[in-house]
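Chains: A, B and C, in written order; residue numbering restarts at 1 for each.
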């Protein structure tokens, strides 16, 4: 059930997801108006607490908050080794004393939003924690797929790339499975998480097999600088074995769509041409991200002060 | 949980009572269409904006009537007021959003908001705020199929189907197909336990908390 | 001369295979008589009706943090926590600041312990200087100063050549080399057991094989040079099996397991509680079962706490940055009583693994209620239920995964050298 916080897709059930997607449909309409703003969260303060920088996600939440008339404050404690010693809970308590109405948390280490939510009065929305979850990304991906395909139930979704380090992969695995899709993974073996089948997915080492009959192909970003040479030998070899281009896409269904959470390493995860053109829907994902985050802010920041509502 | 006010208006205690049946509703909407035409110098500027869900079939019926009477095609828009409500931060659960569909610009138009039941006036206030975000109408008027009284804001109706004095603890709702005016459609007054319309739910909560 | 009579308990002395009801008389700091129905006029009487009377527990593995990190723990507070948990002696690891790699430091710790700690303290000295894994310490001088074992503990010696020479040299002093077996290159940045839980949490996994590989290495090296290897906190089925086989072929190896690796699985980490972050990590259910079986069949000799205090602000960091370790002295006995209740261990065998075996591994007295032995003993009520609140505990730190839990079995009294140093209703008495 949608609770006070949105920490992960794992905590949601299908009807929660439906409700968020449904709400996002209506939020999308506001973005098409001349005045892209409604007074819903007027007088409410939304804090973007980003320990790990992410211009894209932060901007998306900021726009979503502003379209709902919330006052949006960006707070980015530097995660240098010097400030590392500050307890995250101290930061959270300090913030809470300023009475925010919702706090969006991003951190490079899994579990931080949960620990912050445990001490905070305000609801917490996870904007990505380590390799754990990135629920709004998965919601916007579900939203995008449903708009493109008219349904999610019964689809085959293949996620390709750095699964082990990916919060996007985990949230999407939970999301698509809960909505009735089949989820497959394809990656160089060191990038497949341990015991991943316990999540209900099947892992492939052959891209071709993983793509066979897929309706949705989701490529994940490869962090070249960190993992080339350790998790796979080289960017060139990665692109040749797991890169998606029009040729490999032929293994998937004719009407398959291509997704990517961005930013794309062109010529690595996706060919240049696919990064920009159909069947890739990358810019739709970004656009839908604002609607999804508006929906989440609308649904979640309602339960502000615990026990404060009669 | 609601206490019945002493001297409460007739009927409700004895169960649901039909205030307007389908024929009554159609007759009333026809009369309102006539009134609109009588009072509007340039019907070409008319723009009916329905407040969902109850206002939608009513606005469509009025548009049909206007076409029938005057041969004019009047635009019909749908404007969800949920995001403009003034009580969102006090509700435990956020209400579901409804469709908003404004097919043409409102600037310079004579906008007529259409709602089924008007009580406190808060929904109309929200609708006006929403409308202003879409542009600058020349005039804004309001149609209410039923006016229950109990106004909490200085809102007056320009076109009223029927005045129905009620207790604040009663529900008045439009039953039937919400999309179109067809089949069984009637306005029913019933004792309130589960609050239905926005207006009455607000009142019920206030009554309960007072 | 003070005399104390512990009356009416169930006497459990593994050193003499004694399990019978009786009274224990203590005179002049030693055990003078054990018999039923003793009546000693003028003796201080400690009622042990319904309770077990056992030789005091000996902890092979704890961190007292003094000198250098007294904000986490010191020898006095650690010693109080020890006796409150029934431990009459604790072996403290060398990773203090400065490191205990020098006889003067060993002296200092023993001197502090003598004055401040109600429990006996046995210093474990570093195996290499500064725990840097390069230059071995002066083992002879350290043993002369009172060191009981050598270990770089969590700073696992990765250089196999250094490890081989440390083991070889240790034969001079006949003291065990205690090893924390985790191959650091395999652990990498892993912070939770690699498996379904790490995948779910999205935290880097620490694979079981990191421990198993390293246990195999150290067993082979100890076997080759003929030294006494003591494997600390075994946590994997593969590790238990490696030790079992080595012992069968005559390797001089002993091993310990912690209360947390015996009773908690990695699922305890699912809420990201940093108090469940330990090294080696909490493992899966099969590993826990294997550790319990290993403890029961004697492959693992002893239960050791790896009591590792950390301040609240350190544990309030994110899961990757928070330090490893949890405190366990005050909860160990209650937690591992689970193995008695499950029928895996008899009370006598349970005591053997907390007391007699660890004393034997350190080649120290203790672990016995034989007449003439120093009166280090503990009285435990195995049925008493209590709720553990670290804030009210004796350790300076609170990093316990059992905080707030109701535990069954409690230490009622602890006697060190004939002195009652702890009583559950009266607190620390020194």
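Keep this in mind: a residue touches a chain if its C-beta (ideal position, glycine included) is under 8 Å from a C-beta of that chain, and two chains touch if they have at least 3 such contacts.
For clarity, every value in this text was computed on a predicted model and none was experimentally measured.
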Chain ID, smallest distance between chain and overall C-alpha centroids: A
Identity of the chain that, by mean CA position, is farthest from subunit A: C
Approximate Å spacing (C-alpha centroids) for the pair subunit A, subunit B: 40
Rounded Å distance, subunit B centre to subunit C centre (Cα mean): 75
Distance from subunit C to subunit A - Cα centre to Cα centre, in angstrom: 45
Contacts with two or more other chains, residues of subunit C listed in rising order: none
Contacts with two or more other chains, residues of subunit B listed in rising order: none
Numbers and ranges of subunit A residues touching at least 2 other chains: none
In the complex, subunit A residues that touch subunit B: 19, 22-23, 26-27, 29-30, 33-35, 37-40, 44, 68, 298-299, 302-304, 309-310
Subunit A residues within the subunit C interface of the complex: 10, 84-85, 87-90, 107, 109-112, 114-115, 129-133, 167, 170, 193-196, 198-199
Residues of subunit B that touch subunit A when the two form their complex: 80, 83-84, 88-94, 96-101, 129-130, 133-135, 205, 209
Contact footprint of subunit A on subunit C as seen in their complex: 194-196, 198-205, 207, 271-272, 313, 316-321
